[in-house]
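These are the structures in question, set out in turn.
Heads up, the next two complexes both have chain A, just with different partners, chain B and then chain C.
Up next, the complex of A and B:
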């Protein structure tokens, strides 16, 4: 269990303000946020590179706030690998065990084990400068894992890699996490990594943690305009909530999942909206008439803009699009379930 | 070159470059070829020039080692840490470089000759005034800024995250420096040492002031050149100059070779 308790840290333009997180044993925890959100400082503070201005950090019940980095047993892997260029792959991996003055035979055994885990046994005698990005990142992972860290921190580990390598290594990370059971804190600005890897996600902005939850939860139930925008909710409306579980947005009154009275935001994911030319049965759903404004193919998906008094964005699969048989200018009906309309108070977690 | 459309500007700039390169080569060849080869060899093998070569090499090697020893920790502090007075300190360290060496020499002479610190050092057996020790001190004082600047920019070129990783792998600050930053800086330090050493060999003004120009006592190569020139023994002066030219050319080559190969990680 890694506990970050009300941590503050100010470092020039980057800062952490009152960050609290509880990361469970063996959990794969992703911290998501735009550049400048303070994600790297968070990791470096956990690793012990910086000491917090205020707050505490606990690792498995031990208060490590004032423990130097070398005694924390927390591994760190950076986006740019940071392999020691003057040492071979073998010496890079063995670096930490040599610091601990481990027995040479023990070092060799451990090194072989982690080289096998990362599939880099054939690279042991090479220098980092001669390796590809993906290979270098594997070596960096092996160098951290060979120490059997109590927690492993990954700072945008996939961001410097090309698309194909990134996908491979993403799968590898999931496998390694399963094999070693190490608690992992992984930061990224890329939402794709979340669904494949994360048990839970925290969203950060400007040094604050804004929302923490399972990926599905963050994805479907953002708690603020910022998170909604970040996870790709394209239908964000301001409205007035009533205690009967409806929200008035413009001229529309929609049934929603969680009724809140007063000024609210409504977030509806574009892929949760159904389109048809004939009026579909309501079955408790929200059904509104509208008109197709634009139809824009985007890779395998079709993005449709619909005007229904308020502007909706709808994403259809190619098959769904063909079944709906629609073109720009058609009159259509939009339908979505109340559970697809997520509501939170207006102005939640706005930047001061 | 495009012959249909000649650029006079290009022709003019290249011509000036050629002219000045020729001038430099002529000046150097003029020195080296002034004496007949037999005379040059005889002078090079003379006791006085041999003494000057030995003294120059010993003093410059020691002063270079001292420069490395001091520059490495100072450059590291200036490259990595923030502390009060850092900006002022950075500027102070560069002053000896901008100062005319003769002025540095006068300062050193007063410091080691008449100040209480200098006097007590002399009383303790460390006499710098008019001794070979003074040559080492003069070279150290004048050349330290060069070593410092090269070393500082070398350390700044090493991403501190290498040290962060080293610390998460069990290193203390000092171990991270010793096992990671220092080896990664090897080329830069080598290049800095070569340039510092070659400047030490050629150091004249400050050494003249502090150590004086005593034949066969504080007679380094540049001093030998100066002494023999002023007493009319031109062929000895030429011999000293020839050696200095060779050292300059070789060390410049070494600096370019290693300095150019310095990786900025």
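Up next, the complex of A and C:
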């Protein structure tokens, strides 16, 4: 268990303000946020490169706030790997255990184990400068994992790699996490990394953690305009909520999942909206008439803009699109379940 | 050809004329500069035949100066590396009040005229000097000994090493040290196993620059250590002394110094280029 308790840290333009997180044993935890959100400071504060201005950090019940980095038993994989260029892969991986004055036979055993885990046994005698980005990343992972850290920190581990290597490594990370059971904190600005890997996600902005939850939770129930925008919710409306579980947006009144009174935002994922030329049965759904504005193919998906008093964005699969049989200018009905319309108070987590 | 085309043609001609003149001018400038530097060196090399050069080598004045110079400059360089490396490291990595002051003081001998440095050393370590007098009372003279030669060389050559070493340490990404620490390494092993090998070439280049400066030291040495053959008469001093009598010895020593200078320059260039790889 890694506990970050009300941590403050200010470093010029980057800062952390009152960050609290509980990261469970064996959890794969992703911290997501745009550049400048304070993700890297958070990671470096956990690693012990900086000490917090206020707050505490606990690792498995031990207060490590004032413990020097080398005694924390926290592994770190840097964005640029930071492999020692003058040492072979083998010596890079063995560096930590040698620093601990481990028994040479033990070091050899651990080396073999981690080399097998990461499929780098054939690279042991090479120098880092001769390796590809993906190979360097594996070596950096092996170097950290061989120490059996109580927590492993990954700083944008996939962002420097080309698409194919990134896919492979993402699968690898999931496999390594499963095999070792190490608690992992992974920071990234790319939402796509979340679904395959994370047990839970924290969204950061401007030094604050603004939402924590399972990926699906964040994806479907963002708690603010910022999170909604970050996870790709394209239908974001301001409206007025009533206690009867409806929200008035423009001249539409829609039934929503969680009724809140007063000024609210409504977030509806574009793929949760159904389109049809004939009026569909309501069955408790929201059904509104509208007109197709544009139809735009986007890879395997079709993105449709519908004007229904307020502008909606709808994403259809190619099959769904063919079934709906629509072109721009058609009059259509759009339908979505109240559970697809997620509501939160207006201005939640906005910067002052 | 109509007049517009003619105008364009003239303009183009003018432009290419200007380009040719510029190239030519630059070429002349560079050639003059090279001649200015190379001519005196060649004049010196042509002034002595290989036979006379070899004969002069066995001249005790030449031989003594050569041995003394190489010994003292080597010792000085070792002292400089031992003293200068920790200082350069601390100044590169740690912020403390007075750091820039320390840096400026270390640089001072760079701009101080060597004769002034020599006189200052004499005032400090001479028989009557503010430190030297206590040594003299306990029977130790520093001025006008081989030790004084080394002190003078360390004094003037130290900044060459410290500046280069500090720059090399500063160029090294601190993340390597952070990575080493997060792997459980303490300060000294991190320094010797990670940092030192990564800045090695820069440090060697700095040491060689210091060695060259120590080897060429003249002003401070003659003021503080004197000009005693076999004890304090280094090569530059011997060149100055023999110039009036035995010109061949003077030129032989000069040629040796030129050769050493060339070797030093090549090694430094090569070493500094190697560091860039990391």
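By our rule, the second predicted complex is superposed on the first by the 352 of 352 C-alpha atoms of A that agree within 3 Å, B and C clash if a C-alpha of one lies under 4 Å from a C-alpha of the other, contacts with A are read in each partner's own complex, and residues count from 1 in each chain.
One rule holds for everything that comes next: contacts are C-beta pairs under 8 Å (C-beta built on N, C-alpha and C of every residue); 3 or more make two chains touch, one makes a residue touch a chain.
Please read these numbers as outputs of a predicted model, since none were measured by experiment.
Per the definitions stated earlier, placing chain B and chain C onto a shared chain A by superposition produces a clash between them. Contact with neither chain B nor chain C is seen for A:52 once the two complexes are overlaid on the shared chain.
Of the two partner chains placed by superposition, A:128 touches none, neither chain B nor chain C. Of the two partner chains placed by superposition, chain B and chain C are both touched by A:76.
After overlaying the two complexes on the shared chain, residue contacts for A:95 are found with chain B and with chain C alike. In the superposition on chain A, A:290 makes contact with neither chain B nor chain C.
In the superposition on chain A, A:157 makes contact with neither chain B nor chain C.
Comparing which residues of chain A touch chain B with which touch chain C, the overlap comprises 47-49, 68-70, 72, 74-76, 78, 80, 82, 84-86, 95-96, 99-100, 143-144, 147.
Residues 173, 175-176, 178-186, 189, 193-194, 197-198, 277-278 of chain C are the ones touching chain A in the complex.
Those residues of chain B lying in contact with chain A across their complex are 159, 161-162, 164-172, 175, 179-180, 183-184, 186, 263, 265. If you check the complex, the residues on chain A that touch chain B are 44, 47-49, 68-70, 72, 74-76, 78, 80, 82, 84-86, 95-96, 99-100, 143-144, 147.
Across the interface of their complex, chain C is touched by residues 47-49, 68-72, 74-76, 78, 80, 82, 84-86, 95-96, 99-100, 129, 143-144, 147 of chain A.
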